[in-house]
Amino acid sequence: MIRFKAILMIGALAGATAGVALAQATVKVEPASVNGPRPLAEQTAQAVIRDYLESWQSLSAAFDQDRADLLDADFVGDARDKLAQAIRDQSQMAVSTRYQDRAHDVQIVFYSPEGLSIELSDTVDYDVQLMDHDKPLGTQHVHARYLVVLTPSELQWRVRILQAQAG
Amino acid sequence: MSDGSENGGAMLAVVLIAATIAFVVIGTMWPTKAALAYTGGQGLTSSSSTPEAAVQNLGDEIRASAWQKAYDGLANKAQFTEQEFEHDLKGYYPSLRTYATLDRFEVFPLHASDSDAEVRLKLYWSSVVGISEGTRDLHVVRAGDRWQVEWPIVKKPVVPPQVIPVNYLRWDVIYRGAGDDWGAQDVEAPHVRIVDMRPVERAEGVVILGELLNEDVVPAYVSVNATLIGKNQQPIATEGSFDKISHLLLPKQVTPFLINFPNATLADVGSVRMTPFSTLVPASADPVIEIDNEKLNPAPDASLTGQVINQSGQVVNVAHVLGTFYDSTGHLVWVADEYLDRALLPQTPESFNIHIPEDLARQISSERTIVSTYSSGGSV
Amino acid sequence: MQKTELLERSQRPLPLSLLLMAAVAVHLPLLLMKLPLKSYDTNFHIFFASHYLHHWWDPWNPKWYAGFSQTTYPPLPQQWVAVVSHVLGLEMAYMAVQLAAILLLVVGVYRFATLWVSPRAASYAALASVFLGSESFLVYSAGQLGTTAAAPLYLNALPFLFSWVRRGSGRSFIKAVALFTAAAAAHHATLLFGSFFFALPVLALAYLDRDEDGERVAPPAFFARTLAIIAIVGAAIAVVLLPFWIALIHYPVTQTPIPHPSRANYILSPQWGMNYFVVPYGALILALPFVFWRGSTEKHLRPLLLGFWVAFLLGLGGTTPVGPVLLGRAFNVLTMERFSYWATLLALPIVGVLAVELVARFRMRAAVSLTILAAFTCALAVGWTTYHPADAEDFDVSPVAAWLNRDGHDQYRYVTLGFGNKISRLAMMTDAGSVDGEWNSGRMLPELTRYGGGALTSSKYFGTAGLEALRAMLMHADHYGLKWVFVRDEYYDPLLTFAGWRPVDHLNDGTITIWSKDGVPPAQPLNAPQIPPHWQDVIWGVCPFGSSIVAILVLLIPEKRRQAAEARYPAVRDGELGLGRMVS
Amino acid sequence: MRTPWAILLGGVAGFVGQLIFAQSNQLTLPAMVEAGSAFSIETAGSGQGTLYVAGLGQVIRKDVELGKTAWFPAGSLYDAGRYVVILEASGNSESGILDVAPQTKPASLSFLARPSRLPIALHNGITGAVYVFDAYKNLVTAPTPVSFALSSPSGAAQTRTVTAKDGAAWTAMDSTAKQGADKFVAEDDDIASTRVIGQVPGDPCGLKMTAKPDGDKVALATDPVRDCSGNAVPDGTIVTFTETYGDTQSTVDVPLKRDIAAVEMPAHNGATITVASGVILGNQIRWEK
């Protein structure tokens, strides 16, 4: 009985830890190393990184709930289309994936001269859990460098390209 | 069931019926405000026993759009038809006045004798763009025991037969269809610039005055927003120029703008953030409007008066005159406007009168006037 | 022997089945034709119902006024429409609920009338209610589902009230409480004013009759029972409509009054006299002298007559000074046609007596004449929607809804101009939100409440007030994410042009122009403090609808066979009406 | 299930599964594949299994026979990125990582050229930024040379070649001295994208009008209106004539037509007439009959 209680407590602690981890990934922002003539205002940089990090929440929710419409707020263009395609794929196969970002190391690398795009690189640590008909198949930790292009919309920056680099 | 109480019952019936009739009579003889709203302000007890009462009745009838009744009561109705009378008030061509309703009116006696009188009738028309005023000085004559109005009819203006070539420029825009436009050929918005801006404190709040220039080579559809930023760097309020601007600017054209911030005080404002918007739109350089005889009239009743002349062959249904006022050093002092509620016919002058606040009139030494127009199509 | 039977038959009430069949025969075809859809408010009720259909547990409706709470309007009929719509669809569900209200009215009028007149006269009154001009006017021209659903519930509650105060019947007490509460959940104004016009006369009758049927009731007991039922009903209504009261207390209706032609003087403005007096009363106008005479001369009818008289005077709107004096500010908030409706319901028992006496005296001639007059009255009120339609022109709003629902247009709010009461229908069909709406008491936006105009879509009809409200709203378009204006009336074009809006598209063969403003940010949910907390959502979802279920259940409790009318009019025999079986 | 607990439990299950598979080492993945190319995955053991390939752009599920090679034909996996591969068999699973690289040959360019109109002779006034994509709309991240060329109708051209870094390249160029529509071309390999840049005259320079009597009016006309480089100011540009006489004034906004603005105004003896365009003032005339 005591043993059972101990297991429960450990489980609860682990759950709480997982919950905290779910809510907040660690974020490190490197000083911008901007390729381009346009000066990058501090507020713009902050807004871009904030909107980009929020996009991971949308991405995670969209894959988790099989709802491509949840991408609309933060993704646009090819990035939105490709993510939506993946959600359609998994939905058709009754497969589901859960993405949980753990750490980001972000650096702005390009600000196009006309101000209509910002490219950043993000070295991300995240977990992917795969399930088939709600049966867990496994969770894989992934470490990857992403190249991300964001473009401005009426209220925020939205992700237009989200691509992990090979190797 | 009838018993000794039948007499009392009969009395009750009589009392209730009598009271009902009395209430109806009272309500009809002295209608409530809510009821009067549906009669154009007229009760049953209108009489024309004085010159003012005759004009008051006429005003009520115009307000109720009771054209026939109003026309029938005129002393000089033989000089024009009922239709001409109605058109005189509502316009011969579609204009703001055509669809306006008389919101209220005021009657001012000017002169009176036993047989005739002069009475001023000030009419406040409710149009889609706001209240517009009109004044008629009426000659009222005695006819037996009542008075009748002689209506100073203004007959339909006659435009002489002529040929007016329409050869002005027009810009068309080919828009991209719906869809993602990133990284595709685009035509950007026209370049506009705020060339002057000044915040002013007025009794009703803070007013932002300014001028906006289209410095591009294409027409621009413009508007200006202003945000008052408090001394703590927090926004206080955001307002737009709304109709106190000429939204269509041809290349190198300048418009004044005025933005109202009711209930704000300048003392609370740390800075003002101006946001001009411009969009590329199809436009025509026609009609060209000439502004003649502009004159600054000093206080009291300070105003800018003049005439606008439509140099094109197209009827302009609504004209909006915007005046920009400067002091002797060329600084912006005020922006004011007036809608003309009569259509502008080709080559036919139409007067305007823009009111200037008395306290500012003394500072004003020069002005610039522009006209924006609305046409629903068609020519004379 | 045969003569006696004939006499007895001539004193019998008309069977309830016949009365209900008459109601079905008259109103079912009209409802199947969906005639109420042409009325002023039907689409408004269906719009509310559609929200309950999709968001039963969330009365916050973001589609009008940039968000408003439906707890500002008692929900019972609309919730029933939502429930029935699962089977019939929204429009036919509305018709079904309206038909149920009409049938309940027949029963209610009969039961109410039996308190005052003989069962035969009461059955004539019930039959007259089928043809009642004011009922048809409210159903087919005004579309007042709330009023026409609450009144029958209220009328059905009154005999139980009488039975309780007169005899102390506990079962009647429970039934009265249940029905009064359900009536309040259907329409609050009916309950408030019904207390004065209906309940007070019934209480007065009970007091006047306190010695009549051998069961004497002492005045202290009478008053104690009266106070008890007032307290319990008050408490029940307070709980069932708690979110409504909270909304009313926190956000009282302080907006500038909106003109309504029912407040006109019907003599000075005869067109409104036709609309609000001749049409609702119809041939009943001919009976008014008799109503006054018989109501006065029969001592026990006097409370009924006085209730009728006050409602009658108030129903005359601005024709008399009674309305402004008695109602004060409420005169400029309420619409007056409902008072005429209640007045006609109060007159029906006496009209039933008139009909009985006319038939007894003139037989077939009277029957034929009364039938013609009743048919004329009903036909006039039903046909009035054609001669005085709520909408000048019918048009299809589905292209507008389709336009709003595509290409992300619904990220912004919209307003229509010249759409009349089609805005409810449009709101049902689109995902986009509007800053306009048809429920004036629910709106909180200062641009709308300050000036005294009604719906923005009809701004021009409210003169300066309406246009000022429209200008104020367009001025703050950025704040509300208002990017689209759908215009079906060129009157507004100059304002939009000079205010910086541009036409961007056309719909319905160019009869509707879409205007847009540049630089407007997408609409954001307004953090309105009037959004009800979750516990209110639960109350709103459970209590009002639950009150009607409770009312149905308690009506199944058998009543001791005793009717108020028996003492005065013993002619009624068991089983003749079947009414007791149905409602007891 | 959709709670942190689910993920935690799933993680524990996956970890245990991985331990089991790690011992058996049933899954062999290629180090990297090019987007859209065919590839294979080796499996060990025997029996049936299911292979899952999941990335942000694609998810593939394939039934495989353990111990045999699972073939993925060309075009199966085309979205560049990092994929999680899981082999599930008999309730156990093994996972790994598969990288898909973009193709090296560009197939399309996103060319952001601004502005679409600008005044003539503006240094670095024209900018262009290019993102290079392969046939599957993957950003080509390998360094690749992008050439930019701005050519005017007269034939003069400016060219630059820039190496794209992280898939992006940019340049800035001067607007020419002559008005007209220039072509701005970005090219990578044999893929080109063209934008039209309108080079428009500057503000009017030396605005001058003349006046002559015309009945009871005065006919005013400007000389052909040019900018300081001699380019004609476009037709439609507004020229404002203002006539001041005594304490009154007349104003007309007239659009240029065929380089000239002309208007008739009331002829008042002693009136002063001025001409302006935007904030540029022209000459002044005092009208004497």
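Chains: A, B, C and D, in written order; residue numbering restarts at 1 for each.
In this text, a contact is a pair of C-beta atoms (placed from the backbone, for glycine too) under 8 Å apart; a residue touches a chain by one contact, two chains touch by 3 or more.
None of the values given here were measured: they were computed from a predicted structure.
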item: Set of chains adjacent to chain A and to chain C; value: B
item: Pair joined by more contacting C-beta pairs (A-B or A-D); value: A-D
item: Interchain centroid distance [CA atoms averaged], chain A/chain B, Å; value: 56
item: Whole-Å separation of chain centres (CA-atom averages), chain A against chain D; value: 25
item: Cα-centroid distance, chain C relative to chain D, in whole angstrom; value: 60
item: Centre distance in Å when chain B and chain D are each reduced to the mean of their C-alpha atoms; value: 46
item: Where chain A touches two or more other chains at once, by residue number; value: 116-117
item: Residues of chain B touching at least two other chains; value: 182
item: Chain contact graph, described as a line, ring, star, complete graph or other shape; value: other
item: Chain-chain contacts as defined at top; value: A-B, A-C, A-D, B-C, B-D
item: Chain B partner contacts - residues on chain A that touch it in the complex; value: 76-77, 116-117, 151, 160
item: Chain D residues within the chain B interface of the complex; value: 109-117, 131, 195-196, 200-201, 203-204, 233-239, 242, 247-255, 257, 263, 265-266, 277-280
item: Chain D residues touching chain A - in the complex, by the definition given at the top; value: 1-2, 4-11, 13-15, 17-18, 32, 50, 52, 54-61, 79-82, 84, 86, 88, 93-97, 99-102, 112-115, 124, 127-129, 131, 137-139, 141, 165-168, 170, 172
item: Touching residues on chain B, where the partner in the complex is chain C; value: 1-3, 5-6, 9-13, 16-17, 20, 23-24, 26-28, 30-32, 34-35, 37-39, 42-44, 96, 99, 101, 103, 126-131, 178, 221, 223, 225, 238-243, 245, 247, 275, 277, 279, 281, 317-318, 320, 339, 372, 374, 376
item: Complex contacts: residues of chain B adjacent to chain A; value: 180, 182
